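These are the structures, in structure tokens.
Each of the next two complexes has chain A plus one more chain, namely chain B in the first and chain C in the second.
Our next item is the complex of A and B:
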């Protein structure tokens, strides 16, 4: 097909006064393959677009260059307009002569504007059509993890009408480490049992206990998950997966000089004792908590300490001392909880150097220098509730390597990348919520769960997803199956497929592909073509720079 | 293009540097007009051949601008771009293209000032040659 380029220049309501548009128009007409140049003041408005579309219809233009504002503003609108004409939306090339030319340079910038337009026109000559099509997606969702996050995710998804399989060794999770939640009337135990009941009674939720994920294959919309239950093994297809694998806590002996025993206990043990007061030989007079030793600035230990310290005060009336460095009270309601704890008589001692802990007459002796008193404080307590290190759960490493999803330095799933939003992972269709993302609190976790459920709903609910077909494509004749692209794809969107008995080639899954083009740049055989940013298109832009106008 | 024109080709990731450049425009921050921005979907899309082509065509400097490492939209894109820039640099040295400057820059979408500083620095560097 003969390339016939139409250039539409917009002077943005005559506001780009440092460009001589008559000259631009004259020169642009002489560019290669250009058959039509038009000047408008309002391409973004309906009227301007109408004129543009009627012009495109007339002289048989099949590539469109629009010179005007930045691409993120109106690219979609122009693309849609082209589609209405029956022209492929990819036959559009933009030249940013407003933000990156007129507005940002002093003096006359006609030459630069012309150059930008020629770069875009040169690129337009190589544009190929990209089709859009629907691909079907499976509407079943898998939730891995039966703690608070897992159960809540399953319930929310079921509320949105998505069938969910909840997979877990046991339902329960870490909620039992809290005696109560400040500001919530139901106790964690009640919350758990009501959630268990809701999950059991929900016909959209299927629970698989003592089961584990052994393999995940496929891509968003169609994951094939191998589930092992003892000897038995089943393969099932899911459209999306939520991992709520939680976290693990451990008292690290090196942090506490002493091993946990009858006097040095964990939060969970304390809660068990509080719920069955018969466990105490006698009412403990003094209970100490130590914070900020294993994890500084962590929310979960602060939350459990404050909630449980308050519970001790209320239930047992013991003296409660909290040794801490800097309390992290940025979660919702925690500042208030801290105040109430103080008002009820919980004493907070701020140390700078790690407290020294030893045993004395069956009690625990804690020595620390209090920063505010400026004095050494020695405390003999009946029980010391040791801070536990928050760790990723067992099997995280195996899981992340199986999924090809990275973890942060602490071994938790990525949540610092601003581009990934709160819950998405680098692979489309796989989400992480709850404790497995590291430091969090209940408000955040609940929000994450809703956000993950909504993302999945958006992805799967129509049962089909519109994708750009083979926008990034492996040319199978050139592929030498070196696996480079499979290894480098940050979104895990490339897999090997068999084309005939002898050859396997890489295939890019349209739905999972996020369009970064890393594979296209790295492919040693140059077998991957990224339409819109193909090599010849980028090179055409480079070549247009600085040629005589 | 002529090396005397001191043209700079900037490959800009559309998630960060391209937006930073737009922000510079919207806030009317001026920078030298010898920069030509080429939009790429990720700094990782930029290949050594693109950089070399720019020099072959007479550019005096090339900037590859992507997201900050650790905050890359495509996770490894800017790290890969950095490696390629390094490789391109070594190739340039080897073939002895007269002191072509190539640099990798990491920025966030709102860093208009930083964008301008980098462009100006590059412009000064090639002018001073």
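Our next item is the complex of A and C:
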């Protein structure tokens, strides 16, 4: 097809006075393949577009260059206008002669405007059509993990009418490490059991216990997941996956110079003791908590310490001391909880250097320099509840490399990327919620779960997703199957497919592709074409710079 | 029944909620009191140094575009909700839309109106560079025409006839199934703590001032003499974690550290100190960021109570040196107060209209175990109108509210 370019220039209500539009128009008419140039004052308004559309119809223009202001919004408007005429929306090239030209410079900028327009026109000569199409998606969702987060995820998805398979060794998780939530009547155990009941009674939720994910293949909308259950192995297709695999905690001996024992205990041990007071030989008179020794970035130990310290006060009436460095109060209601604890007599001691801990006559001796008192404080306590380091659960590393999804410096899922907040991962259709993301408190976890469920609803509910077909495409005859693109794609959007018995080539999945262009840049065989940023298009733009006007 | 929702407030949480609802197939009316959606965060600045410091402000600008071009979102700016009747699944909302004078459909933001406007500062202005609707607005308090004079320059010169001073305010009624309240917060007025000298001494600024200065200028100069500051102090928890505000504002430690890094990056000779009660370093990647900050920024435990201007432009900060157990005085040439978030003073009006409860500090109150649910069925909360949050949490909360509303809509079908 012969390329016939129409250039539509807008002088923004004649306000761009440092551009000589008569000259621009004259010169632009002489650019290669240009058949029509029009000057308008209000291209973004309805009347301006009407004029443009009728002009396009007349001289049989098949590529459109718009020279005007910068606006992502307007690109959409013009693309739609082209589609109305039966032209592909990608046959559009923009030159920004307002913000990037007229407004940025003093004095006459006619030449720069012309250069920008010629770049856009030159690129337009190489534009290829991009089609849009619908891809069907599977509406079943897989939730991996049966703790609070996993069960809540399944229930939330069910509330939106999505069917879920919930995978877990046992339903439960870490909620039991709290004796109670201050100000909430139901105990964590009661909350868990009502959730278990709700999950069991929900016809949208299928529970598979003692099962684990062994392999995930495919793409958003159509993941093929291998599930191992003892000897048994099944393959099933899901549209999206939520991982709620939780976290582990461990008292790290090196942080306390002493091993956990009968006096140095975990939060869970404390809760067990509170629930069965018979365990105590005598009522403990003094209980200490230590924070900020193992974790600098976790809110969870603060939550369990405050809640459990208050429970100790209420149940046992012991003296309670909390040693900490900087109390993490940046969660809903925690400052209030902190205040409540102080009012009920919990003493907070703030240190700069970590406390020294030793054993003395069957009790635990904690020595620290308290900043507010400005003095060394020595405390002998019957029990010391040690801070537990929050760690990623076992298998995280294996799963992350299988999914090709990164981990942060603590080994938790999903390296930090603001554009993926809060729960989405680099790979479309895969979400992480709860403790396996590293940091957590219950308000945030609940919020994250709801937003993950909503994102999945948005993705899967219509049953099909519109994509731009082969906007980034592998030219299979040039592909050498070197796997470079498969390795670098951050979105797991590229897989090898067999074309015949001899040959495998890379294939890019449109739905999973984010259009970042890394594969197109890195392919050593130049087999990947990214429409809009293809080599010949960029070269055409570059060649237009500096040529005499 | 039509699947439609009302979102009150076009800040980051309201936009996130509106987008999610609309993407889920629901018609959304987004009501915003200001002339542009975007909320506070749209006036904030990118805090990247040589690397992105993940302040999330860019997410707001990205969402502005998405909301404005979404076919299922109707944006009503300059508008307030004045009445609600009905119940879940069938609310009727009365919305009052103040006249705009400049038609957003016709404005091409060429800026001619502001150029010719004879007042100083100009009565015609663009709320901020990415404003949405992308249109100039009239400052009614400055416009000569609206003060009764005969000036007509902007109307005469506007190339697209976008300006019309005869425009009328209007009332309209919307029929919606659910309501999401996302009215946001107010910034704590630092003048309330008189001893800190805000607005009395030119070189005492707030975090919000800093956001706007960086957004506008890209770097920091001393307000008193336009020179580069040499010694800066940040004071945390101004208007948070005190008797009247028994909560952590959740964003201030992070923005203070990001600003401190940005200032050090732009001018490595500047000395930066941060005074704090407890540093909030939780959150993905933030502990590492704090470690980096510690190399070049001084962190001092304890919050100063008094600032005095000893000489012109020299601020003496009085603070308790906890490590040595005595009162210290140190001079700085610039002090930044990390002001927290407080509930909007007009929350009470909306609470009354909607019949929802206010909590003890004046934020809207929630039901136990769900931070988006109010005491009125079908009315949900999103973002900082429920309690202080940073940008990512506001987005997540907005999405969570949209999820609750979508459940209701699914039941109404």
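One rule holds in what follows: the second predicted complex is superposed on the first by the 544 of 549 C-alpha atoms of A that agree within 3 Å, B and C clash if a C-alpha of one lies under 4 Å from a C-alpha of the other, contacts with A are read in each partner's own complex, and residues count from 1 in each chain.
In this text, a contact is a pair of C-beta atoms (placed from the backbone, for glycine too) under 8 Å apart; a residue touches a chain by one contact, two chains touch by 3 or more.
Predicted model, so just to flag it, every value in this text is computed and none were measured.
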Dominant contact partner of chain A by residue count, chain C or chain B: C
Contacts of A:495 with chain B and chain C, given as first, second, both or neither: neither
First, second, both or neither for A:371, with chain B first and chain C second: second
First, second, both or neither for A:476, with chain B first and chain C second: neither
First (chain B), second (chain C), both or neither touched by A:263: neither
Touched partner set for A:45, first chain B, second chain C, both or neither: second
Partner chain(s) touched by A:461 [first = chain B, second = chain C, both, neither]: second
Touching partner for A:13 - first (chain B), second (chain C), both, neither: second
Overlap of the chain B and chain C footprints on chain A, listed as residue numbers: 71-72, 416, 418-419
Chain B contact footprint on chain A (complex, rising order): 70-72, 96, 98-101, 103-107, 109, 112, 115-116, 119, 406, 416-419, 426, 488, 490-491, 514-518, 520-522, 530, 532-533, 535, 538-539, 541-543, 545-547
Footprint of chain A on chain C - complex, ascending: 20, 23-25, 52, 54-56, 58-59, 65, 68-69, 105-106, 108-112, 134, 158-160, 241, 246-248, 250, 253, 276, 278-288, 290, 301, 322-325, 368-372, 387, 392-393, 395-397, 399-400, 402-404, 406-407, 410
Of all residues in chain B, those that touch chain A in their complex: 1-2, 5, 7, 9, 14-15, 19, 21-22, 24-26, 28-31, 33, 36-42, 44-47, 49-50, 53-54, 57-59, 67, 70-77, 80, 84
For the chain A and chain C complex, residues of the former touching the latter: 12-16, 41-42, 44-46, 69, 71-73, 76, 156, 159-161, 183-184, 296-299, 326-336, 339, 350, 352, 371-372, 374, 408-409, 412, 416, 418-419, 421-423, 437-439, 443-444, 446-448, 450-451, 453-455, 457-458, 461-462
